[in-house]
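Naming follows writing order (A, B and C), and every chain is counted from residue 1.
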Amino acid sequence: MTQETSDKIRLEDLSFFFGDFQALDGVTLSIQPNEVFGLMGPSKSGKSTLLRILNRMCDLISGVRVTGGAWLDEEDILAPGYDVVQLRRRVGLVLSRPTPLPRSIYENLTLAPRLAGKKSRGELNDLAETSLRAAQLWDEVKDRLRDSALKLSGGQQQRLCLARTLAMEPEVILLDEPTSGLDPISTAKIEETLLELKNDYTIVLVSNNTKQIARATDRVAFLLMSHIIEIGKTNRVFTVPADQRTDDYISGRFG
Amino acid sequence: MMQREKFIERGLLLLALSSIGSLALITIFIFIEGFPLILSTGLKNFILSSHWAPTKGHFGILAMIISSVLVTLGAMVIGVPLGLSCAIVLAEFSPKRLKMVLKPTLELLAGIPSVVYGFLGVIWLVPLIRNYLGGPGLSLLAASIILGIMILPTVISISIDALTAVPDLYRDGSLALGATRWQTVSRVVLPAASSGIITAIILGMGRAIGETMAVIMVAGNALQIPTSVLDPVRTLTSNIALELGYAAGRHREALFATGIVLFVIIMILNLSATLITRRR
Amino acid sequence: MRLDPHTTQRLVKALLWAFTGFTLLILIFIIVDISIKGLPQVTPGFLSQDSTDMGRAGGIFPTIVATAYITALAILLASPLGVGTAIYLTEYTREGWATRIIRFGAECLAGVPSIILGLFGFVLFVLKLGFGWSVLSGGLTLAIMVLPIIIRTSEEAIKAVPQDYRTACLSLGMSQWQTVTRIVLPSALPGITTGIMLSVGRSLGETAVLLFTAGAALRTPVSLFDSGRTMAVHFYILAREGISMPNAYGTAAVLVISILVINVVAYTLMQRLMRRYS
């Protein structure tokens, strides 16, 4: 039987070292296009590290070593000389705390697209509006796009960061505990956004919050101390986990 | 895109090499100009003879080495107690508001050009010395006092940094044990800040040895080994500055050779300051 | 004789405050003396007229021009070099042997006494390269003198920019250089500008370097190859040769006031820019 759709992201025997410390050990998984893929596990299990390999933001830390393979659309993203700037435009990242730039809301959204080649005013305006609407922030800021982004509340800033990523029109969106520290309303809005985005993007969601994973993802991988313990459809993993450790984690026996 | 980035990185590296490049150029040129003379006169004759008569071919800089050393020591005697006191007062004993007023005021001292110090020294200090202590007034003492005042900003600011770097934990612990503020400062804070303070002193020394203009104006510039603090003296730096304007041939080379000696002394001082900070 | 610790503390505090007060008195004395004897000399005529009779009469206009000319040249040369070095050290390399060598070079350079810089400038620019005593020789040598200051202050300013800004830019697919020029440098601008102003202040008071590179001609310099006398050099010559006490005081007043103003401007500029960008 031929495979109709190929994997969007594929990892094979991926190991990651910070100096002597091994953060990931032999990780193998594949992420399908247009699915919401969750990464769950207790702190320091390697989830954030895994995420940062997917857009090569791991390069920013000194003294790191990667072995194994990682492919985006069958392109080897770990190859030396691979265009990481282009990669990061295709694979966007939203962090666990908001990181607005010291500019206006409008500039936060349009700076990177402008540098990536979009020059016309009209295009940029449309981009700004579309992404703000998608992140459910448009109504709140449409009259003050020239205000400094630093004046927004925490939840608004985080939605701005999501909008900013969307403005780059990526193919994949990585989210590293995007709602930690946010109020329930902002959290709900962001989860709503993720569900709508699924149709156009591939999403990888890292979360410490098992309930969020259960709510928002299609498939999930459970990471424990740098190893993948179990992967599968979220419904299945949460109702009949194959591994005892997964069951323990989901039930809150540790974590 | 990646190509352009590489190009920019190479370009910035080139710019970054400017500092070490200039240093290398300076070292090379000073040595090229001055070393032949040291070779022809002989290092021992150059450093250990006090007979400086460049027009007659005698190049002994001992008198000037001794004068530089004595002037610097004198500057430390004056500058370190005053500077350290100010630093301690500012860092440990003054309330926040007073500190905010005093600190920039003392930093103003750093902005005053050396020639102004020298000038005021000639107008006010030199007559004072001449009238109350004797001698021509233009003297080792005058130079030491002026230099001591001039190194105050260096000593004060680096000492303040060293003192404020001592964690409040140390102070709180000592006070909680019942010690007075002064006991805390003298027995806990100062020892903890000692490497920083020593660095301040060494850097102050470096500045004093390297100072030229102010010293020329108040030291008297006589070519002799001083026997009293009231004697006029000529330091290494003054000698270079006074004679460079009209020196030629071997005389000029001798001035560069003097520069080499000065350079070496100051590099040793700076290196020891860096080593001390690094060890702690 | 054992003193009660509280008495010791009172004595010591008195001594320390006495010393501090004495230091402040010295500073106040300097400023007051220069102001009293110098400020009356500073008339608009003094500032705009040429010097005549070897400085005994007339104004200090040529020296003001020379000072501005030479300082501007030095800053123009040293700023790209210094800021570029700072950018390279913080944004393009990790701490390693390369950065250590560069920093060592900058630190040592900062410690080189001005007379040695004067010697160097004299032999390289005035003699070997044939520029003669000129604005060019003075500016080049002065640039080397202020380079370490600009490197140090720029590096501090760039390091103070929050890492989050860089992370955000890079994960949006901006290149390193775009991140530096669009976000990091603008945010670091207050600190960098302060460093440049400090360098200007330092240059204004510099004498030993310029006496042997820019010379002491009393004409107003026009071309880069003209010799010129800065205010500090002029002051030194007036004072040392005993040419004119009032003019010496006047020049000193202009010098000290300029330096004071620059330091104050640098400080307030930093405060205002910090408010705008954060």
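The criterion applied here is as follows: a residue touches a chain if its C-beta (ideal position, glycine included) is under 8 Å from a C-beta of that chain, and two chains touch if they have at least 3 such contacts.
Computed from a predicted model, the values in this text were never measured in an experiment.
Two chain pairs are in question, A-B and B-C; the one with more C-beta pairs in contact is B-C. When chain centres are taken as C-alpha averages, the shortest distance to the whole-protein C-alpha average belongs to C. With centres defined by CA atoms alone, the chain at the far end from chain A is B. Chain A and chain C have CA centres that are 49 Å apart. Averaged Cα coordinates give chain A a centre that lies 57 Å from the centre of chain B. With each centre defined as the average position of its C-alpha atoms, the distance from chain B to chain C rounds to 18 Å.
Among the residues of chain B, those touching two or more other chains are numbered 1. Each of the following residues of chain C touches two or more other chains: 175. For chain A, the set of residues touching two or more other chains reads 85-86.
On chain C, the positions that touch chain B within their shared complex are 5-6, 8-9, 12-13, 15-17, 19-20, 22-24, 26-27, 30-31, 33-34, 80-81, 84-85, 87-89, 92, 101-102, 104-109, 111-120, 122-124, 144, 147-148, 151, 175-177, 201, 204-208, 211-212, 232, 235-236, 239-240, 248, 252, 255-256, 259-260, 263, 267.
On chain A, the positions that touch chain C within their shared complex are 55, 57, 60, 62, 85-90, 92-93, 95, 97, 99-102, 111-112, 115-116, 150, 161, 164-165, 168. On the chain B side of its complex with chain C, the touching residues are 1, 4-5, 8-9, 11-13, 15-26, 29-30, 33, 81-83, 85-86, 88-90, 93, 102, 104-109, 111-120, 122, 124, 149, 152, 179-183, 186, 203, 206, 209-213, 216-217, 237, 240-241, 244-245, 255-256, 259, 262-263, 266-267, 269-270, 274.
Considering their complex, residues 1-2 of chain B touch chain A.
Taken together, the chain A residues at the contact with chain B in this complex read 81, 83, 85-86.
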